[in-house]
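Going by the order they are written in, the chains are A, B, C and D; count residues from 1 in each one.
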Amino acid sequence: MANSKYEYVKSFEQPDVLLPNTWIVIRIDGRGFHKLSDRYGFVKPNDRRALDLMNAAAVEVMKELPDLCLAYGVSDEYSFAFHPSCQLFERRSAKLVTTIVSTFTAYYIYLWGTYFPSTPLQPAALPSFDGRAVMYPTARILRDYMSWRQVDCHINNLYNTTFWTMVLQGGMSNTDAEQELKGTVSADKNEILFKRFGINYNNEEEIYKKGSVVYRQFQLEDATSMAEATAADEEDGPAAPASRSQQDKIRKLRRKAQVVVDHVDLIKDEFWARRPWILSGKPGKLPTGAQ
Amino acid sequence: MANSKYEYVKSFEQPDVLLPNTWIVIRIDGRGFHKLSDRYGFVKPNDRRALDLMNAAAVEVMKELPDLCLAYGVSDEYSFAFHPSCQLFERRSAKLVTTIVSTFTAYYIYLWGTYFPSTPLQPAALPSFDGRAVMYPTARILRDYMSWRQVDCHINNLYNTTFWTMVLQGGMSNTDAEQELKGTVSADKNEILFKRFGINYNNEEEIYKKGSVVYRQFQLEDATSMAEATAADEEDGPAAPASRSQQDKIRKLRRKAQVVVDHVDLIKDEFWARRPWILSGKPGKLPTGAQ
Amino acid sequence: MANSKYEYVKSFEQPDVLLPNTWIVIRIDGRGFHKLSDRYGFVKPNDRRALDLMNAAAVEVMKELPDLCLAYGVSDEYSFAFHPSCQLFERRSAKLVTTIVSTFTAYYIYLWGTYFPSTPLQPAALPSFDGRAVMYPTARILRDYMSWRQVDCHINNLYNTTFWTMVLQGGMSNTDAEQELKGTVSADKNEILFKRFGINYNNEEEIYKKGSVVYRQFQLEDATSMAEATAADEEDGPAAPASRSQQDKIRKLRRKAQVVVDHVDLIKDEFWARRPWILSGKPGKLPTGAQ
Amino acid sequence: MANSKYEYVKSFEQPDVLLPNTWIVIRIDGRGFHKLSDRYGFVKPNDRRALDLMNAAAVEVMKELPDLCLAYGVSDEYSFAFHPSCQLFERRSAKLVTTIVSTFTAYYIYLWGTYFPSTPLQPAALPSFDGRAVMYPTARILRDYMSWRQVDCHINNLYNTTFWTMVLQGGMSNTDAEQELKGTVSADKNEILFKRFGINYNNEEEIYKKGSVVYRQFQLEDATSMAEATAADEEDGPAAPASRSQQDKIRKLRRKAQVVVDHVDLIKDEFWARRPWILSGKPGKLPTGAQ
């Protein structure tokens, strides 16, 4: 029995290949996590278990997809970055996005019990995530994207920390706290925290202030000038894409590297200059004793 | 602290709204399920537990997204259909696909233990799914798409049933069975099953032969002429999209309907003629006593 | 000398194939025609020479591209429609749009002297056009598109006719006329024309009131019910696309038909019911004596 | 009379904005120019009048669109490049492509008589062009694109020069010449030209060997290292897009520069190093006495 009569429907599938030689960022977001965090009793302003679970799922995604070179997470969102030279799934957008969203979701559900041992998942309210792919043409813009997310993390965390301290320690109503914070700048919030509650915001945990950076660990380089690092990167240029065997070799090297979670500044040059393999896409040297 | 300096990166997010007034089908596929079915010891040629798990996850997706009007599953794939009038997420492609993929994955992982009580998931090999969205301009083509999948189900199942019977009951090697089946047509396979093993393929379970159809149950209509049913549908045409309050009302009615799993023919007219709410997008009458 | 070192740049060309089985409308617009109509002294509110030149160019486009089944023009814009079964240029969007825009421009420039014999083109101000492709999934929506343009034609022409009569015959300033017309409805404008200037808008020329419809002339059918006409069309559905030889045959028949310019109502059913070949995509019978 | 009933059809127009901060190349090609060059008696292997007409049209396009920073033409094709910072028409693809195709066509038709005074255009065979837009993420790839076209120019011109010399001067049939050239490399063709016909290919006209480069003329810089030039360019990066007033100022400066046609090497660094305004997008100094 031939299927040919109906096979014409395949022609409706449209290609969705992302532009070659651009950075690809897949950003995923928790669906309805505001409500979900209430239902599962997430601690305010930050629930360490929930963040650790997000990070654990992200680490597994990084391990399953060695083509990924960086991930950055804050709150219920995570951004995964592929290097411009990435050829995974022929750069088909839907395939890349759904693979990451599904793998992340699978680990999030599977690992839930490890991080919330006394709060079982409820079948009518399972966590899930949506996602999208965005292209960035240069390393400079990729870095600006990451800076954007990290600045956002800072802004939100300072606000949330102040708000919840006013409510939980200061006994204010949500509405009153919201009202008082309207129009304030960073300095105002720092002052409220310090003067009223003796809290120095700078001493808050780095994971809350900086978010979580996930990457493969190779030997750190001396902090060279960033200009040098990116210029080299951009100039070599793309030229022809790497051959399949080159790609396989690179993948193998990446698999050997440990995936680490860090809470560090992504805005200044230092992070990138000391870890040139992230922007270059070329694996570094494995730390001594790592093999 | 303003974020404006980096906010320009948002301009790189490109719109991906699907064409209005077209059917949207989201098809998801298990990633590496060939290998995975070996690892978890899926029964050949069909593992009832695995199919039931797929169906259970699909039912949950249908419940969470009342905008869905039909789903069809076979093996490790599932197709979910939105009506042309669907406005969910402003019809953004990535949002629709990832929501379905993630929700499906979440339930698949969560319900695994119910269907495989003695085969726990292994952390290094979690199941996951990829997916894509395709548009079909008319009800006729949407039906041809569903027919395509169901014919495929039939072709594959007849082959697999014959192959595994030759191997498991006939004691043939995989290679020998494959060799003998090369070039055979349906009648040949039916004859092998019947003459050698006394198996009448027609008596195989419907879920294996037809796959699984998931939809909301309203009162069945008398089988009217299909021509009438689709013509009415097409002619009313789209006109302006439904208002938000109309959409909400329709969603509410859909939520009340029971989501059922059926193993029936989708190729002939009868299925569609008796369930006109699927192609029309207008909820039918709830079965007596359903509220 | 091999070119292979640079050939990788071809991979940056992204596919732009339009969804199969949808109507394709290419709408082109004069660039900066407001200024241009001043420069070349177009008569207000309608310059018959300019419209005739637009129509002449459109007729040539229809002749060069037998796949086109309808065109509608008003002012400095023209819409060209391809049937859902069209396979021209594999339905590549840029190829279809640019071919029409370029062919139209070529004839517009070439024929300029015929319609404006005493107003030569000025090298620093050549007319040009931009364009875009839009897909419409059903015949109903294609008709609504054409209705949209024709209603727009009517609204603009009634306004312009009234405005310019007030200015040119009534001696009002542009500002005063504009001011008085602000907020008026059709009836008001009809009354101004009739009471003040003795002009019955209904007696204005059809080309100004209705715009210009361009199509291939086959034998008119008796006005059958439109419902019948489109229903038949939609139900036959697309099925597999026509073979190359079928397409060639259809193209040949279309080339034989005369391309005509008409100024008729496109909103009601009659136009479409009497010319079923437009919506069906199947050539009708050639008028007696046409071969 | 309101148009709202039909206005929903506007929702079918899909956005086609090109990715920000990428180079945009619009390449246009003559439609059916093989046949057309026969019909109008173009000289083989190169018709100087036809090339001059192409160049004249390209110069006018450059003048009308100051956002263009470079164009390269060979045979019946022309590539126009916009800088990554270009915001023209909000970077809408169809608008950019059709504007260039239509403007080019208008001038090609209008200027035809100037370059072919004794060969009038024939109404049934007007020249026309199609086109497409392609994005290139970095200056390196943009240069590789230009190199690709120029290498192609060289390969084709060497072949055509040899072929037509063998036919026109050597009296060979087309088939015999084609046969003999099959499998030859550049050195072979150079030898045929030199040994048999005393032609030194190097002495052929530059316009045939190199194609035509069109750009705005500012004061040439000393040939600095290219590395410096692009690195500077890439690193400043995009940051926020230029304001509207900045764009206007830049446009004004560009309009003042003379548009020149050159037949020079685009592959080596020198061209780009001495004209840094092309890759930087920042206008240079006007040549003394140019204002």
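By our rule, a contact is a pair of C-beta atoms (placed from the backbone, for glycine too) under 8 Å apart; a residue touches a chain by one contact, two chains touch by 3 or more.
Quantities reported herein were computed from a predicted structural model and do not represent experimental measurements.
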Comparison of A-D and A-C by number of C-beta pairs in contact, larger one: A-D
Label of the chain whose CA centroid is most distant from the centroid of chain C: A
Rounded Å distance, chain A centre to chain D centre (Cα mean): 42
Gap in Å, rounded to a whole number, between the CA centres of chain C and chain A: 50
Chain D, residues touching no fewer than two other chains: 8, 12, 14, 19-21, 135, 141, 144, 238-239
Interfacial residue positions of chain B with respect to chain C in the complex: 19-22, 84, 135, 137-138, 140-141, 144, 227, 230-231, 234-235, 237-239
Residues of chain C touching chain D in the complex: 1, 3, 6-10, 12-14, 16, 28, 31, 93-95, 97-99, 101-103, 105-110, 121, 123, 126-136, 141, 144-145, 147-148, 151-152, 154-155, 185-186
In the complex, chain B residues that touch chain D: 5, 8, 11-12, 14-15, 17, 19-21, 238-241
